[in-house]
């Protein structure tokens, strides 16, 4: 017998009963705790994985800078989440934003709570890993030219002013939750949100100086594949852990996370083969990410065959968006918009189509609930506009203090040397020790 | 026959190649090198170890040409490689005694005339 | 008190009560679900890990092609498993093959079942990860010369025509299960099966054009070590998860998976040192894989000291097989036969020797059941012949449509450029943008 | 309701009731088993991770040797642990050392025991992964010049003569446990212990021949970041698993393991920026490790805000120690002392400060128990002296048989070729096959 | 004294080395280079970015030799490096003014006569 | 004008650079090369494949100099690069016809006189 009641409940509180997330103490299930511990570790690993996915795609002289844009979020965003972010996102507050009741983890203890049968503190950490990676995702649009100090400031403010409220809207009992929009693991909160910021940041920074004039090629495709492989692995925690219990819905979300990217990979390979005569490795890595993004909002709401369909369908818009983008003047350098934006939008809309009470807790278009697609679309549009708009404001403000873009000459030199005073790959030849007497 | 050795910035390589192709210089060999010249030094730090990098990444072109083409090639390189900042590089022209094309065994001028491919 | 009853039952259903795998709904244990979720993720990670293990061993110009041979299985084999493979392997069917009752996951839901106290769908996914990696394992024999499109066709057919029936024989209630052959996590189904295909494929493709004439050396040994490390990590899910519960047998299988490769590593190092004067890194990585392969069939059936012995004993045949192979005319390029074939055979036979009811659910030679060794041998021989034979047929058939081997000139050029239109490591120097106006 | 009683008990047996670790059979919790399985796999992964962290920091010609110093421990130390180490550390024995009652795993079975509600064998394996990585940690001090065979002998003896007794003192019911010293996951046992050996080994081996004369730079900083990322991931098992149950304390230890290194990362970046004008990638990777080390002894004893503070405070001594060391004559090549020694000492002392019964099972200075700091200090000093002293004896003894250092010429040549007969990165150009007819 | 610069295919390097050793030419320096010549161009695609690769991997041998050996060395290289397809490469022979062996300070002919090791 | 090509051990590069800077030779190009000479051969083994490594890592300096400086530069290199073991390397001095500084178009001697930077 499937524990349908519990599953339903878990599903429900996930997207529509968020006010219970807060303080009420409760029992702890060791099994759910074990799964949430693992899931949190898996999601944390996604940020180093992203560093490799992105880092392999840039030129060698910018590899460290690109990786550091992810790694710095592990510290900075982690600390900010503890200080303010968690409370702003999951504090009771109002329908737009949480409050400061849990700032600096006030009242966040080891008791179980409305979020599930495991320590409240662990829920905070699990959500913190989402906060971290969402910030890091944006970096794909600004690599090879954004000044590192400006980037650091940007993700700090963006996290608190954009991510926290949006997470509150969707998962923290805010107005999107009230609409019954479906976002299992962050199609809107994570992917569309980051992609909107990416679009605005790429437009404001302008294209890299060599963009469109020279070939800017990946310096290490194996790193891209390593990143994609580890991202997939970590994403099992991202989606599977978003069931917030080791139950059937976790199993469903997990399996869908395995199947959808598989379907995307196959379709992408076919498109690649038909159009270029080759199945590319970079394309395969990209396909995996697109499939993962697309299934994210749907993972616990749709059946496995729907997951395969979602993965397959999501291939097309992202594939052609990348193809167009690479030949356009829009230097979203590592295609955050095409992969996470378009992938996230496709996934969110298809969640509204394929959601099924035979599997999860909600109905979509195919079960006659056409409205759901509209709700999904609305939530995406609002998140996109909010994130894009605030990104514009934040970046302009920072630009008053620190120029967000490095100088042309520095760009030619490479970001690693200019921003970090080091190189990714050195031999030590021609390097002379400097003695400092301080 | 002459050998042109041109040491240029890596980021200028593509424009130099284009400029050479434009004047029909099509046999070119490229070597990744590092150079020391008048450029400002770079300090890097690795876990407390501070180092001055005396060498900057450059690229060296080696081109075998018969005399009449040398002037045009040098001119093309200088124009395409110049940024005006210290570090643009040097061109050396060396005498060649003999040239062979391996595929055919042809010698000298014939050896460096590109085939129609 | 150890839950001996449950453990016994788990052991039993693993190798001899497979008909209950099917539809009967049952309760879900959150703890078992948590462990099976983790195990499935771990096994999935093994395929990217294999990509690095294999990818580091080839020349730089073939690195992406080699990695892609693993990555493509993540999509292709994953989708085929859902469509047909799972049903052919685990559908009730007859003693030779399953049926189409669960094709396209028909009837595979979130209820627990005879396979264990976690969602049936998750069992399907767990088994799917085995299907994927087994196909990818074969690629080690054909790298640096097999046409990618032919390879893709090959693993598709091989998976359905060879893996699915063999899995059915051993785990799906087929005739090998009826013989009470012991194969805890896939010595025969995965390793011997893949190795037989590898032998035939290597023989049919003929040696690489430079084989035996030039030194074909690993371009990136750190990648080989990375792959070995991640394979080991993932293998804990492979063997530990094959207990299908978070119980004592899972603990046993897990610990044996830690100890056996350790013993192999030590013995291999000693052999290396005695014969070459050096302990090599490539040898160490190979030893880890050989030890993992050898313990796979035995993991939940033997005690930990037996595991150490199995790891130690398995060193010798594989070590000398590799040594011989490298100087022979048999270009099994990355030694799939020596590592997985010989390692798998050694492990399967030693399972028949060391299996002990003091630990698992069956007796081997040391407990007086000499017959078991014979049963093990029989199962290996049949799997080897079946897989090898079918591989011969499939490859010959594909060769009628697409030449399975690239041309000499293409081989000289490198598979990455020829088959994938890209290179693993580029600088962009000398690369000129092509404008396409479509 | 939080299972405070159980939690307390778990906490207690961790640091002061070690005699119950032994034989008494008990029930198994599937959930605790699942979490301990995962934790053990995670800690095992830390050793390959360390191989990359260390391997990226050395010159290319020494990359394999450096990595092999970690990998060899996976086999050698694993086998020694099974044979003798576990029994010496966790056998009842006396207050200085265990006994041989569990040598070769005698009596170590699948029943649950005093160590927790999961198979005794799994506890043995979990502890074994600590034994392995502690040995590997030392290698950072001796890379690029220590003869590999001497290193292998050294870690074998050091493990049995130093690690096993020290683990017994702290976790196996020895005299430090009797003092009620707090060491949640191995600040003293693992980090201070390894660092003391590192200091003595570095001093005995003397600086590398080029040290202080040439710039010895990391050949692959992305590998360093990969290692740091995987170390962090694995450390969740290290600290989280040290709760020995999937309970609130596991959650606490886990979350602290996420927060502390985040704080260190931020502070380190600020120091780097202020002093060098750059936030370096190598610095970031180092900061992650320092934060992880510092929180290790404290993880299950302090609240999350204390963890942030510990991470932040620990930045300073390690940062300045590295800065000084690099310009000194003390060639602790990869800063084992500054990262693990100073980090471990800081963490152990701060555990005595911040331990709180509001979270864990013991009180520190801030709760008025000033004595605890003294106990912590005493345990560190003794461990440091014991480990350092024995290291001196062991290395001198080995040096009588095998010179522990390679020759100058060999050092110039590179350890990979000299010690392992292979190179990390080859093209095969200029390599001629040697035919051997044996 | 002459300097032979031979640009050849990477995959021919081992046979060329063997051919040179066979005629007792034992002092050789090898440089990884990339070259542009008459070879057909390669198109590669990276996420929608399509590029033409103008340079192909080659290897350049540099060999200092006294005059009498030059002919034989050139012949050996040509034979061992030739595949007959476009892209086999070129050989340049340049004059050398002076040669020194660093270890001994020996000059000219003595400097390039291999020691018995 | 002359071109000095000096093939030396990689580990001697930094001392050679220092020695050259000391005598005010500041325009230098460095190429990573591998060389075969009289050094003892190295055997390596990869999974049963045993190979003899015929090439050892070296580094080649290329320096354009006007005649009067050549002697001093050669001397500086020989002294700084020498270890006395087989494999220390060679120096070749080649004639140069013409030199250009790309940044300014200056020719010959002016081209190799370092700017004050």
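Just so it is clear, A, B, C, D, E and F label the chains in written order, and each chain counts residues from 1 on its own.
By our rule, contacts are C-beta pairs under 8 Å (C-beta built on N, C-alpha and C of every residue); 3 or more make two chains touch, one makes a residue touch a chain.
Source: prediction; values computed, not measured.
Counting hops only between chains that touch, chain A reaches chain F in a minimum of 1.
In summary, the chains found to touch both chain B and chain C are A, D, E, F. Considering every other chain in turn, the ones in contact with both chain C and chain E prove to be A, B, D, F. Repeated interface, listed pairs B-C, C-F or C-E, reference A-F: B-C, with more than half of the contact pairs matching by residue number. For the self-contact between chain E and chain F, the two sides draw on mostly distinct residue numbers; the shared fraction is below half. With each centre defined as the average position of its C-alpha atoms, the distance from chain C to chain D rounds to 32 Å. If you average the CA atoms of chain B and of chain F, the two centres end up 17 Å from each other.
The distance from the centre of chain A to the centre of chain E, each centre being the mean of the chain's C-alpha atoms, comes to 51 Å. Annotation for chain A: residues 29-31, 34, 38, 214-218, 220, 226, 276, 278, 280, 282, 327, 421-423, 428-433, 436 touch two or more other chains. Across the assembly, chain F contributes residues 14, 17, 30-32, 34, 36, 45-46, 49, 51, 54-55, 85, 94-95 that each touch 2 or more other chains. A complete topology is adopted by the chain contact network, contact being made between every pair of chains.
For chain F in complex with chain A, the residues that touch the partner chain are 10, 13-14, 17-18, 30, 59. Of all residues in chain A, those touching chain E in their complex are 57, 215-218, 276, 278, 280, 282-283, 286, 322-327, 335. Residue ranges on chain B touching chain F, taken from their complex, read 2, 5-8, 31-40, 54-55, 58, 60, 74, 77-78, 81-95.
By the touch criterion given at the top, residues 11, 14, 34, 36, 42-46, 49-55, 85 of chain E touch chain C in their complex. Considering their complex, residues 210, 214-215, 409, 412, 417, 421-423, 428-434, 436 of chain A touch chain B.
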